[in-house]
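I have a structure here, written as C-alpha cells, and I will follow up with some questions on it.
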Amino acid sequence: MIWKFLLGVYIAIITILAFVIPIGFIPGLGERARIIFLHVPSAWLSVIAFFVAMIYAVRYLRSKNIYEDVKSAASAEIGFLFCFVTTVTGSIWAKFNWGSFWNWDPRETSIFVLLLIYGAYFVLRSAIEVEERKATLSAVYSIIAFVTVPFFIFIMPRIMPGLHPGSKGDPEGAGPVVTFKMDPNMRILFFASLLGFTLVYLWIFKLRSRMEILKIKIQNKIYQEV
Amino acid sequence: MEFRLIGKDIRKSFGRLLVFDSINFELINGSSLAIAGKNGSGKSTLVKIIAGLLSPSSGEVIYQVDGREIDKLDWFKFVGFVAPYLQLYDEFTGYENLEILAKIRGLKSYEAKIKNVLERVNLYSRRDDLVRGYSSGMKQRLKYACALLHDPIVLILDEPTSNLDSEGVEMVWAIAEEQKKNGILIVATNEPEELKMCDEVINLDELKLKMKRQIVK
Amino acid sequence: MLSSIWAIFLKDLKSEIRTRYALNALLMFVVVTISMILFATAGEVMSGELLSGLLWVVIFFSAMSGLSRTFVSEEDRGTVIFLQLATRPSVVYFGKLLFNLVLIFGINFFVVIAYLLTMENFKVKSFDVFLSALILGGLGLASASTIIAAIIAKANTKGTLYPVLSFPVLLPLLITTINMTQLSIEGAKLAETFGHLRILFSYFVVVVIASYLLFDYIWKE
Amino acid sequence: MGLYEFLEKNSIYLVLIIALIVWFSVFVYLVRVDVKLKKLEDEFAKLENKEEVGK
C-alpha cells in the first residue's frame, strides 16, 4: 500500500514540475511544448498496453488458459483508455497550435486507427458468446491488428508530410522535442513522467485482471453449487 | 506398421460445463472401441477430440507409428471419419466430391480407388448425379466412400447407421469387419446392437455416475 | 502441398462458377456503387484526387461484400469438417487466399473498366504507378480480408462485423494506395513512389506470415 | 484575495490545480477499488479453504 501512496506523491510532483520547470525556448511551440510531459507518455503507454495485450493473446493461444485472455482484454481496455486520453489532449492542443481540433495529420490518423482497431476488437468480443471461441478469435484479431499497426505508428508519419512535431517536413525548430535533443531538465522530467505513467498502468492492469479473474472464479463456484 | 492410438486423461469442458473427465484408452492395429452414451453425453465431442477436430481441455490424444509420435497436423492422413454433422459439397456430383478429396489429400492414381470405394458403398451407378439430388441415405453412403478413400488406419464412425436402410446397415457391418482386420475402429452410438461391432466399450453415462459419486463422497 | 493448395483453389473456383454465390452479387455491387456516385455527383466536376479516393471506396466495399464468402459458405453449409479432415490448416488458408486473390483482381479489373468508362475526369497519366498500386493493393487487400473472413466465419454476426473488423486493419494499405493513385493522376514517376511500394509489399508479406502462423488456431478449436 | 488575483493573472497555475485534482480523484478511486478487491479476494479464499477442510 505504501508504494501506491508514494506513486501518488510522485505523480503529483511530476505534474507540478511539468508546469513550472523552465524548458527553454522552442521555436514554433514555446510554452505549449509542455504537453510532452502528459501527452507523449500516454501515447507511449497506449502502445505499450496494446503490446502487452498482444503478448497475453499469444500466451493464451499457446496455453488456452482463460486467465491469459482476461489479462489481454484488460490491457487492451487500458490501452484504449490511454489512447482516448492522448486523442483528446492532442486534439485540444492542436486547436491552439494548428488552429483546428482535427487536421488528419498522419499521426492523428494513426491514433484514430488505433481507436478504430480496438473499438472493433471490443465489438468482436461482444459478438461471440462461447468463451473459448471469443478468447481465441479476439486473440488472433489483436495480433493481426498489432502487426499492421506499426505501419501507422512508425512508418507512415515519417514518410508522409505532416504537421506533427517530428514528422517529415516538420520545420527544423520543433525537431528537438521528439529527437530528445531537448533541454536536459526537460528530458529527465519526460522520462520520469513516462515511468510514473507506466507504474499507474501496471497498477490499473493488476486491478483490472484481478477483478476479472475473481469474477470468473466466483461464477465457477456458483455453477458448481447448482 | 504398428499403429498405436492412446488417450490419456482426456477431459473436456465447454466453459463451465464439464462434458467428461479422465477418459483413458489404448488401441493398436486390430482393436476396436465403442463409445456409448445417451444423447448429449458427449459422444460426438469425444470422437471429434480423437480425430483432432477439437482440442481437449486437458489430457492428450497420441498417434504413434512404430513408437514414433505423429504431429497433430498430420493426423488427417490416418483418420477416416463418418458423422451426421459432416457435410459434403452439394453443388458437386458424388464422383467430383471424391475427386476433390483425393486431390486435396494428394492421392496418386485415384481413379481406380474412387471406382473401388464407390462400388463398395454401392453408389457407382449414381456417381454423376449432383449430391443435392441424393437421398439422405445415399449421402451417408457417400460419406463412407469419402472416409475410406485413403484406406485410413483409424476409422471413426459417429452414429454409423443413421439414415441407412437394411442393406446399408449390412454394408456398414462389412466395412467394420474389414477395418478390424488391420486397422482401428471407433464407433460412437447409442444403439446397443451396434456396440457389438467393437471389442471394448467406454460408457460415458456410467463414467458420469462415477464422477458424481466421487463428488458426493 | 502445392498441389493440395491448387486443389482447394480449383474446388472453390468450380463451386463459384456453378453457384455464382459471390460473383453476381459482386458485379451488381460494383454497378450499384458506381451509379450511386454518379447520381450523387451529377453535374459536378470532380477533381482527379477525389476520384482516386472514391475508386478505392468502391473497391473496398465490393471486396467486403464478396471476400468473406469463401469461409462463411463453408461454415454455413457445415463443410468445414470435410476440409479439416482432408488436409492441414495452412493448405486451406493458402487455397482460400489464392481464390480471394483471383476474386480481388477480378473486382479490380471490373471496377477500373467501369470507372474509366463513366468518370470522365479520371485520367491516369502514369499507368505503371496506377497498375502497381492496383496489383500490390489487391495483394494486401486479399491477404488481410482472408484472415478476417476466417475470424468472421466463426462469429455470430457475420455480415455486419466484416467491414468493421477489416477497415482499421486495411487503413494503412488504403491510405497508401489512394495516395499512389493520386500520384498516378498527377503523372508521377514510378521511382518516386518507391516508398509506397515498399509499404504495400511489406504489408502483404507481414499479414500473410502472421495469418499463416495464426490460422491453425482459428481453423480448429 | 491575493490567491484569487494571482491565479487570475497566471492561469497556468489554475490549470495545474485542476490537473492535480483530477490525478487526486483518480488515485482515490483506484485505492478504493484496490481495498475493496482485496477484501473480496480474502473472503473468497476463506470460502474455498473452508470447503477443502469440510471435505
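Think of it as A, B, C and D in the order they're written, each chain with its own count starting at 1.
FYI, contacts are C-beta pairs under 8 Å (C-beta built on N, C-alpha and C of every residue); 3 or more make two chains touch, one makes a residue touch a chain.
Remember, it's a predicted structure, so these values are computed and weren't measured experimentally.
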By CA centroid distance, what chain is farthest from chain B? D
Give the identifier of the chain nearest to the protein's overall CA centre, each chain being represented by its own CA mean. C
Chain centre separation (chain A, chain D; CA means) in Å: 21
Separation of the C-alpha centres, chain B versus chain C, in whole Å, is 38
Whole-Å gap separating chain B and chain D, where each centre is the average of the chain's CA atoms: 58
Centre-of-Cα separation between chain B and chain A, whole angstrom: 49
Residue list for chain C, restricted to those that touch at least two other chains: 221
Please list all residues of chain D that touch 2 or more other chains. none
Expected list for chain B, residues touching two or more other chains, is 55
All pairs of touching chains, please: list them by chain label. A-B, A-C, A-D, B-C
How about chain C: which of its residues touch chain A in the complex? 144, 147-148, 151, 154-157, 161, 164-165, 167-169, 171-172, 175, 179, 195-196, 199, 203, 206-207, 210-211, 214, 217-218, 221
Spell out the residues on chain B that touch chain A in their complex, using ranges where they run on. 14-16, 55, 57
Would you mind writing out the residues of chain A in touch with chain C in their complex? 61, 109, 113, 116-117, 119-120, 123-124, 127-129, 132-133, 136-137, 139-141, 143-145, 147-148, 151-152, 155-156, 159-160
Can you tell me which positions in chain A touch chain B when the two form their complex? 64, 130-132, 219-220, 223
Quick check: in the complex, which residue numbers of chain A touch chain D? 4, 8, 11-12, 15-16, 19-20, 31, 38, 203-204, 207, 210-211, 214, 217-218, 221
